[in-house]
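Before anything else, here is the set of structures, which you'll find just below.
Common to both upcoming complexes is subunit A, partnered first by subunit B, then by subunit C.
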Partner chain A sequence: MSAEWPLKANTKAVGITIRDLEVVYSTGQGQVPAVNGVDLDIAGGQITGIIGESGSGKSTLAMAIMNAVPHPGRIVKGSVVVDGVGNMLTLDKESQRRARGRNLGFVFQAAQNSLNPLTRVGHQVLDLGRSHNVKDLRGLLRRAKELLHRMGMDADRVLTAYQHELSGGMRQRVGIMFALVLDAQVVILDEPTTALDMLSQASVLEIVRSIHEERDITTILITHDMGVVADLADRVVVMYGGELAEEGETAEVLAHPAHPYTKGLIQAIPRISGDLSQAVALSGSPPDLKTFMQSGCLFYDRCPERVAECQVKRPPYESAGPERKVACFRVMPHD
Partner chain B sequence: MKNILVRLAKRIFAGIIMVLVMASFTFFLVRMMPGNPVSAKYNELIMRGMTPVQAMDEVRVMYGFIPHQPLWQQYLHYLVQILHLNLGTSISYEGVPVLHIILDAAPWTIILVTTGLIASFIVGVLAGVIAAVKRSSPTGNAITLSGSIMHGIPQFVMGLFLAYVFTTLWAILPFGAPYNAALTPGFNGPFISSLVRHAILPVATYALSSYGGWLLTMKSSVITVLGDDFILASEVRGIKAKTRVRYIAHNAILPLFTIFALSIGFMFGGSLFIEDIFDYPGLGNLLLHAIDARDYPLMSGAFLLITVAVIVANIFADFLYSVVDPRIRR
Partner chain C sequence: MIEVRRLEKTFPGKHGLLGHDAVKAVQDVSFRIPDGGAVSFIGESGCGKTTIGRILAGLENYTAGEVLVDGQNLATVDRRQREAVLRRVQLIQQDPYQALNPARTIEQALSDPLKVMAKARGADTAWILQRMEEVLGLVGLEPEAVVHKYPHMLSGGQRQRIVIARALTVEPSVLVADEAVSMIDVSLRLGVLKLLRDLREKFHISLIFITHDVASARYVGEDGQMFVIYKGMIAEQGPTDDVILHPQHPYTQALLSAVPVLKGLESPGSDRYIPLKELDHGQSPENACLFAPRCPFAQPLCETERPALQGASGHQYACHYPQERHVVAVALKE
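And now, the complex of A and B:
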């Protein structure tokens, strides 16, 4: 296998250090902080799952790592340092562009159409190669074919196809191919299985897992599905209202969730066997503009364990044991 | 490729049917017009002292059908004549076949409008891309504003304004007539340069007044494409700016092809105001004259030409689409 995927001699898993990152969206009602003061270390060579409900800022965080937050979003401050590349937020435009695609691969939501509808897939692989000054374009096509074949597709047919000739699951695998074909050391997957049926979902996840293991890359998996995280991720980061609520090793967090929001998320998963009523939906609604204005904890309105202090002060995001961080007053640090 | 040919053949067949339907419509329309021009002409000829047989022959030559015959017979006769490209004889230019008159006028309009159309399309589309990409900057706003203003000025105002500025205030260009009558028409330098100099103002009028439409349409089309997922995806994949602009332009220009092809079709209706102001003997002037003189054969001939042109342009647009957009190929 490893002969099929020649790894570079200097392969060293690439980590990402995010400090005090803040992204705001300008809306008619004012500035919504989509990502608010996030400090996060993404360990090289691991699969990090970032989980949260819609609007929690997880996708914005992913785009901010690429420094490609779409309008009307804007990165206000912070730094995103990618090992071997530098700070994505202060690099000059050309170096940023080279880093995207070459160092950082990005896989879009399956529901999105990430290919030019008027050009054949193979042609777009060549456009990618030319944009990144790949000398051996034939070799690049060969690699693309290998990847597609590896993901169980008829590579020749896919490369000569247009986007509308591919199914949703096929498009998603083509998207993964685009993220990997230039040997990116970091791959960010933004809800890669949303809009796929259960079987395609399983096969896409299996592909992500095996390619991650083969290539010793750093994988960031953005999802709202706790099951996906439990299945794949080494570490899990829970986001709520643009801030980090909790992080830790996946098994640890799932077994002993510390933040009430994490507990709620885990309880909300319906089991295949057993009564549906065992799954408890989180009460209340996701944070809105008013929530962001309040001085207390963002989760206060929905929290079953709240105390008076929570309404006054926002809990700091602190270490709560080895490799574990939580933002909650109810969790005694170092106990 | 074979599919495209089969498709094309189907479209051409449908086009022929449409032309026949429109021709029939024109036939019955002329017959239903108040005053019945056919029998009016017939009666007029008799009053001028012709025998009924002579008058009927005359009218048959003019309109391509015979009064007092059953309608269906007249109709069949008319269709057969059309298939032979016989559109009858003009009333106002007595004795001249309609087809001749139309073919004489057509080149003036075609040269005028095609040049103006292509110039305004290229400039308008390029300006539209810039206006869309720089839409939140002063440059972009200025370009958009120029488009809205040009789009809002009626052709005849634009024409009169240009004529005033460049032939009166600042007399650097000739006014009126398609070329200097003192020169011998033909393939010689002075004649061609006179032709070009006389064409500048009408072409500029046409181009300026259609520039705004292209600009605004292209701008909104580009903005739509800019919001598409694959553009963000190409940015995140680090695709070069030049390639991304190509992606955007290719996708954004598609909807404009239909409008462009239809404009080519409607060109055969002439550009009435421009031709009138600058004394251009094109199809617009011809149609105006035909209506003025109640020259029914000439009118129906001109309408038929417009019909055929629009239908052909539609087939062309459809064909072009299946070449440039893979989603339409089947």
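And now, the complex of A and C:
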């Protein structure tokens, strides 16, 4: 049977290696590739921000890391190797289940709605513990309390509360507590701040930042907000139409974006200082069914820098300098 | 021109098992918006900013104070006049998904208000079609591409543009935009904000912009007035850029600190601080500063006396110990 829940925090940061991952959704109009041939190394101990618009496949990618893509989605091929756990896509069902929660913590989009409305938060912590064979349930509750306290909440009140008694920002913190309470070494946050106002967003991000540093965990942040990634992440991965468009170290990508889509995303952030005319809206619509059928670059229709070649051929995702990858014909590889 | 004097709104309490005390959603709020002007209300969820917008749009009664639209007092005009007055004030809500009937095409959604307008001015069907093309053009949509579509076939940004087009059909003089872009993908937000800005410039439509995002408020109303609202009261008010660049109230400073800092392009302001404590929705003592429980700079006086708005007439703040702090991110030099 499974081993006893370890009492000491993990010391080694866990990385994730994704290779040739393909996820399709079956729809009335046929198979739509939501994630298409993604190769991605998520470095242990870092905060990786995955950014994309609605329909870019970023949430599907996150679910695929857990091997929990919801129907009608289906993982067609590829591998997701989590250090110390193995390939999530080929592990047996029981090991997968144990890995979720214990190794991989997940904070859902709209954590507001991911709690059970009928039982108190404390009971849900105990349920989680039982389903993961935690022997020391008292210790687990104590740990939950510590985490809640750490996030600036009245722990006793929260544990005895039902979800409707908590505000949006508080529920999001409770979601983070659930992801961490079993000492997961990898935490995946799917749009953790989307429904929150700026102040709650800032405090949730501050919490993620400080817990990440304290525990030396690997954090994956999925969002459509470039500002959130730019503030928090060590590395940025830009997704477009189910494929990777660009990745690199955050400050480097922000200061010198290479892909026209990345440039557009950065320009579209309204700022509170400086010249307002520098903000330029991104034109066109997010990728849809038709986009995926294109043989050329997925961003072709919206690209201000397109050339003839872009319409017929899809640019390969290639290295463009140290720690940097870009899929664009207009970017000359540096090495 | 809209003028609001000492507006107050109290939601009555309830008795019984699920009862609660009366909630003072808006207290002592005064402002005026000239034609084509912009006013933004900034604050967290639950601070009362939405209630102000709903009162202006006539969806909510107020407890005390005066609301004057083009000189007509909302409380005293007769019913028919009130309808005409309120038609000039159009509300654009947060969720374009809920604002449009999913079973009706864009053409149907837009033709209803246009039919009313046509009847009022004795125009025919051709006028309706022409006007529909006009408003769709104004919001930056290709009429042929959208009129026969249903709302679910459009992106969030397009849907919000349709909602704005529908508001424009009745030729309003004021738009009240309540979190109008917060449900839209960040990449498409700026396009809708630009549209609101253009409507101000081109048609002299006044804009009341309600948001928790200081940056988008600045984008649509850089030349307007900004009101920072906390628990229904004005914490700080002044010309938008003045409030942003020289914030005096600790709450304004917290909101400005919350704007993400772009690594690689900016460095955080030296005084940036983010309160981890959430807004409590309980009653605050009558004689204490509303923000005192969360304020890192609170002094004993803040617990015993509620600060009144002070400062030069243009830029005012309700704080006993106002102090400018550097919380806005600074651009890095290349």
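As a working rule, the second predicted complex is superposed on the first by the 316 of 335 C-alpha atoms of A that agree within 3 Å, B and C clash if a C-alpha of one lies under 4 Å from a C-alpha of the other, contacts with A are read in each partner's own complex, and residues count from 1 in each chain.
Basically, a contact is a pair of C-beta atoms (placed from the backbone, for glycine too) under 8 Å apart; a residue touches a chain by one contact, two chains touch by 3 or more.
None of the values given here were measured: they were computed from a predicted structure.
**Q** Once the shared chain is lined up, is A:178 touching subunit B (first), subunit C (second), both, or neither of them?
**A** It touches subunit B, and subunit C stays clear.
**Q** Output check: A:108 vs subunit B and subunit C. Expected answer is one of first, second, both, neither. What do you get?
**A** first
**Q** Decide which partner touches more residues of subunit A, taking subunit B and subunit C as the two options.
**A** C
**Q** Of the partners subunit B and subunit C, which touch A:68 in the superposed model: first, second, both, neither?
**A** first
**Q** Going by the contact rule set out at the top, does A:131 touch subunit B (first), subunit C (second), both, or neither?
**A** The answer is first: A:131 touches subunit B but not subunit C.
**Q** Figure out whether A:203 sits in contact with subunit B (first) or subunit C (second), or with both, or with neither.
**A** After superposition on chain A, A:203 lies in contact with subunit C alone.
**Q** Is A:117 touching the first partner subunit B, the second partner subunit C, both, or neither of them?
**A** first
**Q** Which residues, counting only subunit B, touch subunit A once they are in their complex?
**A** 228-230, 232-240, 243, 247, 250-251, 324-327
**Q** Which residues, counting only subunit A, touch subunit B once they are in their complex?
**A** Residues 63, 66, 68, 70, 97-102, 106, 108, 112-119, 127-128, 130-132, 162, 164, 175, 178-179 of subunit A touch subunit B in their complex.
**Q** Can you tell me which positions in subunit A touch subunit C when the two form their complex?
**A** Interface residues on subunit A, with respect to subunit C: 53-54, 151-153, 167-170, 197-203, 205-207, 224-228, 230-233, 250-255, 264-266, 268-274, 276, 279-283, 285-286.
**Q** Once bound in the complex, which stretches of subunit C touch subunit A?
**A** Checking each residue of subunit C against subunit A gives 44-45, 155-158, 185-191, 193-194, 212-216, 218-219, 222, 244-245, 254-265, 274-279, 281, 328-332, 334.
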